[in-house]
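Labels for the chains are A, B, C, D and E, by order of writing; each one numbers its residues from 1.
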Amino acid sequence: MAYALQQLINGLTLGAMYGLIAIGYTMVYGIIGMINFAHGDIFMVSAFIAVTAFTILAAADVTSIPLALTFVLIVSIFFTSAYGWAVERTAYRPLRGSTRLAPLISAIGMSIFLQNAVQLTQGARVKPIPPVLEGGVVLWDAPGFTVQIGWSQMLIIVTTVVLMLAFTWMITQTPFGRQQRACEQDRTMASLLGVNVDRTISFTFMLGAALAAVAGVMVTVYYGVVDFFIGFLAGIKAFTAAVLGGIGSLPGAMLGGLLIGLIESFWAAYLWAEYKDVATFGILCLVLMLRPSGLLGRPEVEKV
Amino acid sequence: DLPVAIAGPMTGQYASAGDQIRKGAEMAIADINARGGVLGEKLKLEVGDDACDPKQAVSVANTMVNKGIVFMHGHWCSSSTIPASEVYVEADIPMATVSTNPQVTERGLKNIFRIMGRDDQQGLVAGSYIADSFKGKKVAVVDDKSAYGKGLADEMAKAMEGKGLKPTLREAITAGEKDYSGLVTKLKQAGVEVMAYGGYHTEVALILRQAQAAGLQLTVMGGDTMTNSELVTAAGPAADNVMFTFSPDPRKNPDAAPVVEKFRAAKVEPEGYVLYAYAAMQLFEQAATAAKSTKYADLEKAMRGGTFKTVIGDLAFDAKGDQKAPGFVVYRWQGGKYDYAK
Amino acid sequence: MLKMEGVHAHYGHIHALRGIDVEVQVGEIVTLIGANGAGKSTLMMSLFGNPKASAGRIVFDGEDITRVHTHEIARRGIALVPEGRRIFPRMTVIENLQMGTAHADPANYAADIARVFAMFPILEERQSQRAGTLSGGEQQMLAIGRALMSRPKLLLLDEPSLGLAPIYIRKIFQIVKELNRDHGMTILLVEQNANQALRVAHRGYVLQHGEITLSGSGSELLASPEVRAAYLEGGHA
Amino acid sequence: MSKTPTSTLLSVRNLTMRFGGLTAIDDLSLEVPAGRITGIIGPNGAGKTTLFNCLTGFYKPTTGTLRLAHPSHGEMRLEALPSHRVARDAQVVRTFQNIRLFPKMTVLENLIVAQHNVLQRASKFSIAGLFSLPGYRQAEKNAIERAAMWLERLKLTHLADHAAGDLPYGIQRRIEIARALCVDPVLLCLDEPAAGLNPRESAELNELLLYLCGELGIAILLIEHDMSVVMNVSDHIGVISYGRKIAEGTPEQVKNDPQVIKAYLGEDEEEGEAAA
Amino acid sequence: MSAVVFARHAMTPAERLRDAGWVAFVGLILGIPLVGLTTVDVGGRLGVETRFGLLVAAVAAVFAGRLLLRWSIDQARNRKLARDQASTATAADRAHGAQKVVTVLGWVALGASIALPIFYSDNRYVVDTATTVLIYVMLGWGLNVVVGLAGLLDLGYVAFYAVGAYSYALLSTQFGWSFWEALPVSGALAATFGILLGYPILRLRGDYLAIVTLGFGEIIRIILVNWTEFSGGPNGISSIPRPSFFGLEFTRSAPEGSQTFAGFFGLDFSPMHRLIFLYYLILVLALLTHAFVSRLRKLPVGRAWEALREDEIACKAMGMNTTNIKLSAFAIGAMLGGFAGVFFAARQGFISPESFVFTESAIILAIVVLGGMGSQMGVVLAATLLVLIPEFGRNFAEYRMLLFGLAMVLIMVWKPGGLLAHREPTLRLNPLGKAASNKEAA
């Protein structure tokens, strides 16, 4: 029981992490209508930026944790957004209006490029930082097993939920969100209505990158170790989460992330850890067979 | 010029190992050339990047054959070494490798010389050590599903069972992930205190960090990959709980002292595979000098027959090409350095 | 208000407009007629710089807009009901209408939406339905409503009656006249139903293979034998 | 135009189609005679296209039956068939209100694809096709001839090798009809075929429809808002409003039905004041 | 009717400088965290190191590069514009011209690939790299059926490649099957997997399909990794027999009762013989694939695939069974992938799950898209590029993959429709060149 509870906490944290990255995915999807394969690598870049920022702070003897976190978040969001902007500008904008697969391929190219650029400039070695947010609360001191939840775990879960709500509100309720969706559905028409398509798309990419930056900082805080390869697996898992929840739906992305986190954690806890990814993808297939547009995705009814 | 080559993961996930090999080989070549080269010719180093991908490894092998190399040090990943060696053997190129999978030398190829021990040997050493030192404790055997990791973990488990210690858990993880809290929780639940691990150091660092956060005291026993000092940087003080098997520390080899100094002066810590790469080049130098030729047949004969004094100690090979006295030793990290475990 | 001088436009290698001279005065209704593929829709789109004129000049309200970005042209007060409707299928009806106000004064919103709903009551009934599931005619109404939401100075209508029931076609032409008369809106109209279009228009142009071949007042064109032969015969409009 | 009475080809009985709370078709019954042109008119959003969608298997009706008296296969229940079988087995073929061609393929290819089932059968799981056996070659030749015939008939021959998507709207409409004809329909359902055509082209369309029905005996179900088309070619017209049939009869009868005028045609028949 | 066309607005030098300045500024921002700063390990902890010199140099390089790039792009555009204006070619002529170029290119490529081993008969590397190119060409052609023609986004194509490779490896090592016996069986097995995957996910569209196929690819790989008894697990399968030349082995000495290739033809033994044989083998397989796919494209199935890509709903309205059409695309694509896998296993002699990772799928997909979806020659071009770029990159050591990624982006941006985007109709009413003269004939 205590064991299950602890695994639940593990699964929720992991799921929130996936969800956070998946929200960025889905948001960018909502505007270019194409999976941005480089998102995972933007996330990786942000984690490196966070590590550098933390290291600078450590060198400057900053000890206040809230202060440090705020500083790192701001720095990371700033630079990572710049990366998001630049990636869109160079690898996607020139491809507007060509086949849907063209940006997918340049995204894959971009992903390879970013990975290697970071490896070259920052080195192939893993980058650790000392634990930032240590400790937590003991939830249950069961005999022989204490269930605890770390501060950083709480931070991740809360951040994900808050950001999910905020961005959902933005996309569904504000004129800017409406313009974003319009850009995805018909860019020409949007511009005929006076929407600055380029700016809207650029800004969305920056927001997506900012979300990745938050995720990058969280990863750095929680796991304390980053390397140039973390974008890949995280990207694929988050992509899966986004699809499971229904691409384009932010609550869906979070739900998908949580679900995958829980499946992974419980499958590994009670069944065969080595087949946990098979379980994840298997459940994904099952869900999609029953609901072809994901859990919270709106079914695509095409009127003929 | 005499072209000789190294090959390994210069890019990709394991690029830090490739880096070590390159640094070691570069220094060796510089030193050899400073001594006047081999048989009067200067050595020229070719570097091949296989990213630990078997297909690329074959491609690298072919490039190297074309460049007319006379000696290869590599590859690093067993899964690359195995297919690449088939190319080298056809092209009559001798190779020295640090790949530890038994298959590397079990296929009857004549051109392979392993300057490192085998996974079955190090698994035996590690497993027996666990069985002897942690009697009555609960031990989990975990691997990362890589050819190397799984092979090593299997051997450790076998050795432990041979000595009557049955692993409490047998688990596998996916390398490259970041979250091992699930595994940690499972270990904690099962009351495991010792983890025998087959895989790379990066995962061990994460597992240790997360174990510490979860309040689990874990001792880890790993293999040759744990020599990487990244482990210490990444795991912090928890690295002191890591033990591993490796050939006797070449840095302790008194003969190696000047070379070690040189590396340190050049800001390179001669850990892991650095000195092995250096030694591989020495092996070639000495074999060629002894054979007075760089022809395959002569080199092969010289290597198989001779004993070579290198920075990693004396090298001699058996019929399969395995090092005769690999002698694995158990180490333990302590305050950022590793040393023989008591 | 609008002046096109020697405008050329291309789609890749297809030369769709070949030196168009068109002028629209403030407060006029001008109609364009021409066969399928003559370039009517292209002409309207090229006003927005989509495709950009490859030669010539387009002046709107005294300003050269030939090289101005599409969205900025729209913000100067030109609205288009495009060929093929181009509603946003995955947005609701009301959101589609709101898209029409991207650069309009929010103060007018309530009044504008009320006006559109009064014109097309069915849209009010369907306001939270996804636009993609509307019937063809409903979508057409939505496209027209959306264009009106921004209170444009110049309204471009590309076959607005397409897919509408006769009763609505009547209404459209009536609306066109009303907007022109009561709100002084300038209107450029493309219609297959040349008869009716020429009737409401002050002036008209005939477009053939990307060139203007004839122009004149609505009644002149209606009477012109060439126009009758090419575009009016056969129909009982 | 006095025609001898013919048998019923399609009979729609108590058809209802709901989308969530919205009832698009409400207990509609309708008979479509063989070899005749039946017009369907009604205000926007009346449910005309939805009727086509139910007929051709794109929507599953909430309730109701669609019986087709197929001249060679006997009675078929269309509501039970998936859309491809409606076209293939029942030979009920439609066009779309929003043109749906295969835009990157040429006009000729569009028409050949429409003959997929015949050709596929002749290609014997592609084996005969792969080796270009005579049986397949003949089938392919026939298919091209048939396509060419319709292209000629619809004055599209000179455009045969153009990508369909790049052509003007009016021409795409004609291609869509030609493509539907290549499927060899027993019942042809046209959804606003005259939309986007100018009066002259509409007149040509009328001729074509009369030819199809008169000479080839294809029954046509025609949705159209262009009165110059419906009123001139239809033998019989059904009027739908809010999913219900509000009137039915010959063009004359329908034209003068006060309910139809009120809901659909509009009050005054005069042409409106001339522009100032 | 004069076709006066604007000269493109020429940039003034000041504008060029401003443009380059802006790009350099962005470069500076991007460069600060990655180039300007780096963390290094100092005594078991990280410390920050600055590299502002490098950063300044990088920014300067960006500035200069941008100036140069902008300038050369403008030049190229103006030249193209001038050319377009000068030419009076009609669209049909142009299509004809493009078609001709592709045809000529095809023959040249064929000639070159047949002649290659003759000119490089002692260059292992060239022959082997060419073999790799051909494997990718074949994979590209296979995936082209699924993605390029049928428009189904498949991110897990490598699964079929793996099925083919493992089937051959197991059939040959466990049951002693020869290459030629195993080839059709493995292909059929891969096709079966294609149908197995295809069936449950027929309703899915676009990106949903993409993720499920990606997942399928991963599932296959994970099973191969974990099911050690069956697949050898992470160790893979080694010592896979090489195909023989009609029973003649490519070895130095043959076992009792059989002959070696070299012995039979009275040649000196050379390992190159086998390499060249393998090369021709894959060339033949690839050509067969090409003939097969090209022919299929002109058959009802092929046209149905393309129609399906264009508009599924219209397909249904034409009476086409879209389920079967999709399945046939999956099955045939999978079968071709399976054949490529068999060859891969036979050539490599060693396979392990590491060869069948997602990146591989991504590269095959990139070949199809970069080539120009649906274009057979495009696949050849793209496969050649994507294999050769990293090979040439070997000279740049650690910059290799960086350049590879960059090249992928640049090619895509340069040719958004793919290298050969022209689509040749599967049949014409009025054959090109003859124009409308034979209108009556039809």
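As a convention for this text, a residue touches a chain if its C-beta (ideal position, glycine included) is under 8 Å from a C-beta of that chain, and two chains touch if they have at least 3 such contacts.
Here is each chain with its UniProt name: A, E = Branched-chain amino acid ABC transporter permease; C, D = ABC transporter ATP-binding protein.
Computed from a predicted structure; not experimentally measured.
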item: Required steps from chain A to chain E (each step between touching chains, minimum); value: 1
item: Top chain pair, ranked by number of contacting C-beta pairs; value: A-E
item: Remotest chain, chain D as reference, centres from CA atoms; value: B
item: Chain closest to the assembly centre - both centres taken as Cα means; value: E
item: Chain centre separation in whole Å, for chain C relative to chain B (CA means); value: 74
item: Distance between chain centroids, defined by C-alpha means - chain D, chain E (Å); value: 43
item: Junction residues of chain C - those touching two or more other chains; value: 14, 133-134
item: Sequence positions of chain A contacting 2 or more other chains; value: 116, 119, 123, 125, 128, 130, 274, 277, 302-304
item: Residue numbers of chain D (touch at least two other chains); value: 49, 58, 96-98, 100
item: Chain B-facing residues of chain A, complex; value: 3, 6-7, 10-11, 13-14, 17, 116, 119, 123-126, 128, 130-131, 134, 136, 144-146, 148, 150, 219, 223-225, 227, 229-230, 232-234, 264-265, 268-269, 273-274, 276-277
item: Interfacial residue positions of chain D with respect to chain A in the complex; value: 49, 53, 58, 96-98, 100
item: List of chain E residues in touch with chain A within their complex; value: 26, 29-30, 32-35, 37-41, 45-48, 147, 153, 200-201, 203-208, 210-212, 214-216, 218-219, 222-223, 225-226, 313, 358, 362, 365-366, 369-370, 373, 398-399, 401-402, 404-409, 412-413, 416-418
item: Chain C - residues contacting chain D, complex; value: 11, 14, 29, 35-37, 41, 83-84, 122, 126, 129, 133-138, 140-141, 159, 162-171, 173-174, 177, 192-196, 198-202, 218-219, 230-237
item: Chain C - residues contacting chain A, complex; value: 48, 50, 69-72, 74-75, 79-80, 82, 86, 88-91, 95, 98-100, 102-103, 130, 132-134, 146, 150
